[in-house]
Amino acid sequence: MTSALHVTVWNEYRHEKTHAEVAEVYPDGIHVAISKHLRAGGIKVRTATLDEPEHGLTEDVLASTDVLIWWGHMAHHEVKDDIVDRVVQRVLDGMGLVVLHSGHGSKVFRKLMGTSCNLKWREIGEKERVWVVEPGHPIAEGLGEYFQIPHAEMYGERFDVPAPDTLVLVSWFQGGEVFRSGCCYQRGKGKIFYFRPGHETYPIFYQPEVLRVVSNAVRWAAPVSGPQIRFGNVPDFMD
Amino acid sequence: MTSALHVTVWNEYRHEKTHAEVAEVYPDGIHVAISKHLRAGGIKVRTATLDEPEHGLTEDVLASTDVLIWWGHMAHHEVKDDIVDRVVQRVLDGMGLVVLHSGHGSKVFRKLMGTSCNLKWREIGEKERVWVVEPGHPIAEGLGEYFQIPHAEMYGERFDVPAPDTLVLVSWFQGGEVFRSGCCYQRGKGKIFYFRPGHETYPIFYQPEVLRVVSNAVRWAAPVSGPQIRFGNVPDFMD
Amino acid sequence: MTSALHVTVWNEYRHEKTHAEVAEVYPDGIHVAISKHLRAGGIKVRTATLDEPEHGLTEDVLASTDVLIWWGHMAHHEVKDDIVDRVVQRVLDGMGLVVLHSGHGSKVFRKLMGTSCNLKWREIGEKERVWVVEPGHPIAEGLGEYFQIPHAEMYGERFDVPAPDTLVLVSWFQGGEVFRSGCCYQRGKGKIFYFRPGHETYPIFYQPEVLRVVSNAVRWAAPVSGPQIRFGNVPDFMD
Amino acid sequence: MTSALHVTVWNEYRHEKTHAEVAEVYPDGIHVAISKHLRAGGIKVRTATLDEPEHGLTEDVLASTDVLIWWGHMAHHEVKDDIVDRVVQRVLDGMGLVVLHSGHGSKVFRKLMGTSCNLKWREIGEKERVWVVEPGHPIAEGLGEYFQIPHAEMYGERFDVPAPDTLVLVSWFQGGEVFRSGCCYQRGKGKIFYFRPGHETYPIFYQPEVLRVVSNAVRWAAPVSGPQIRFGNVPDFMD
């Protein structure tokens, strides 16, 4: 993995344009905040947003993307099904996918999981503690035993996803809930990481530990040059 | 689990009506062969087929089904999407699902897995040995270390499914391939078992070990009266 | 599974005899409290304790035990290594094992896990909420979305165990920690369930939800009559 | 991971000195064959063998080893228990471990697994096909869909290990058996990879695909600078 990783940060980018309180926190959009951090780490970054043609996710863009980061919330239903299918296929073909916070409800994530991806939520700005339960995992690199988010939207279990292949992070919330906050999945040849923290009205995507998890996840999800798979009829008997 | 299990055996039921060689092996359909075995074990069984209204899978039928068995092959694409959605939702709500052989390509299974579910295949009637790799699993009850199918259609890896929560069976094929033949999944509140053996032109669904796996799987996949889940906004702070 | 399950409840049984505050809560020992509940559910129960010959775990007792429940704390080091080996071997041969609370530090559990099984703890009687994260699992039968323990010893992550095959329960603690409280493992032909709640100075083993989890776990961990395994040299080539 | 990896290749190194047919294949020992390949890939390599003081595995050596490769067979019982404990502890603290072929029976591997690690075997030089079942895993980098070993000792299921966290490779044998040949485990902070191929009388450790898997595994198992864990009493309540 000597050559630079190519990451595309996808953002719905609606809240920032319509809600003053969001624009105040992320004046250029959540995607720009995340992109700055990744670029500082030597990663090649492009961004794409919902209102661009093909949501900015053309065949060319996806073909040259190693890892796609996904943030969406209020307009999940506006993402076109053919683009969803294209993204899903590209993940199965090996592209990494990092799904952030409310992206749990995106068509892309739900289709790849095969479940509702529903959860509980509460928005009173309570405290969150994110615990590392698998300290030897690459996504835990550089973290402490836990990190704390002073004001967060709560997400609570039951989180209706398949049991993750690896569970890296579990959140504690002041109000009494827990949540599987860092979940690794392999689907087809692609790696998927769901990461809970992050919200449009809190400056969570400026918090160093959160950004560290995002960049760790990007590196973990990088494609592997594994075998080309031949599906279908193989009439030949083994020699 | 004192009361009887209610199983619905779903069969596409096309091969049997159009191909003489299939009709010879399964004159009343694959669903009837499987049903007889399950009934002999004290299970309440109904059948349903593609050409019935709503494919025989009405809301009422599904609501009163504990475990659904699925066999399809040549007409996967004819299964209506709204019925697929209905079955998938019922699995997420707790109904068990046992998917047989070519059912790997069914819309229902692919939607629940989130992957292509593709594989390799070859149809020359070669020998298959099905090995038990998890001998303490309920689906291995009553089996030997392996069982052999004298003439089988080969399915080979890569099988493009999520890694099973539990891998119970692995097949060896005379021609040089291997296959994860018995795969357990939890999706939502429902349990899913994919079972490879079985074919329309071989008498595999009369073989005692194969039938044993099917009835074991049905018992394993029985619904659990677990918690009712409340998704969405939970404004209340913990007392 | 028509015949009755045979369970042996093992208790170190020292705290109850030496600490008045423990004796007040469990006058006949923790093992008796648990036994009463299991017997009421139609399970055949024996008890065994540290100070009996062979710790009450003779070859005969183990051979006729379907599931062993283990509670120990202050005298883990007094359990003799040959008895530990005997129990471990019996688990690998198919006996179920349910390990309670401070049993995480027992020689038996640590040997089966291969890791330190260390954790964080704090004893100030804080509140615990135990959340069901896998509501379709048999061990969640009859539970609500969570249950609450008013005063508990805290156990916190990192819990140094292998990632469980299935994670059923996650605890929230008032003081800011989380814990994987219900962990399923398959080891050899035996099933193991680690269950966090329970303490010698709190009446936790009288709480209905806790007892329900214990009896659910016992049923889940029941042995399976799977294949007899032949290890070693198999000189015969396949016919 | 910019700095070079430090690997120690441990070899029992007895067969090579006592059996002419082994010495012919591996004149300088299996460890030297493997070391050459790793060095060619830019990895820093030391070797250690059974008959050295402390088996060559002093505290200093282990402390400066990122990943340990383990090959043993006829003298598993001669490895001293205190050295075994030292290696196991170092793995739990984060050192990677790659266990080759007959190393399945080593004290180190068995202690970390908690099971017997028994299997079937047959030594008639039959053909083996190693299939990649998880083509997106880093250990599959650079491989084809399968690779073939013309003459191998057979290892067959049931392989009595815990279900791997990730199953990457499954072997097919000419004589009718299958085997989970590439198994990933996380134990404590350390990563473990068990890799089946390799034998003292076949030139398997010269085969490019086998060597590729070994070096991929070494890179995958490299330690992560994750959180320092504080176990034990944490009296402080969260602020």
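Each chain carries a letter (A, B, C and D) given by its place in the written order, and its residues are counted from 1.
Assume a residue touches a chain if its C-beta (ideal position, glycine included) is under 8 Å from a C-beta of that chain, and two chains touch if they have at least 3 such contacts.
Note that the coordinates shown come from a computational prediction; the quantities given were computed from them, not determined experimentally.
Among the other chains, the CA centroid farthest from that of chain C is the one of A. Where the sister copies chain C and chain D meet, the same residue numbers recur on both sides for over half of the interface positions. Look at where the CA atoms of chain B average out and do the same for chain C: the two points lie 33 Å apart. Per-chain Cα centroids separate chain B from chain D by 37 Å. Counting partners per residue, chain D has 129, 132, 134-135, 145, 156, 158, 163, 165-166, 176-177, 186, 188, 227, 229-230, 238 as the residues that reach two or more other chains. Of all residues in chain C, only 94, 129, 132, 134-138, 140-145, 165-166, 186, 188-191, 223-230, 238 touch chain B in the complex they form.
Chain C contributes residues 129, 131-135, 145, 156-159, 163, 166-167, 170-173, 176-178, 180 to its touches with chain A in the complex. Per the touch definition, chain B reaches chain A in the complex via residues 88, 92, 111-116, 118-122, 124, 126, 156, 158, 160, 162-163, 165, 175-177, 185-188, 227, 229-238.
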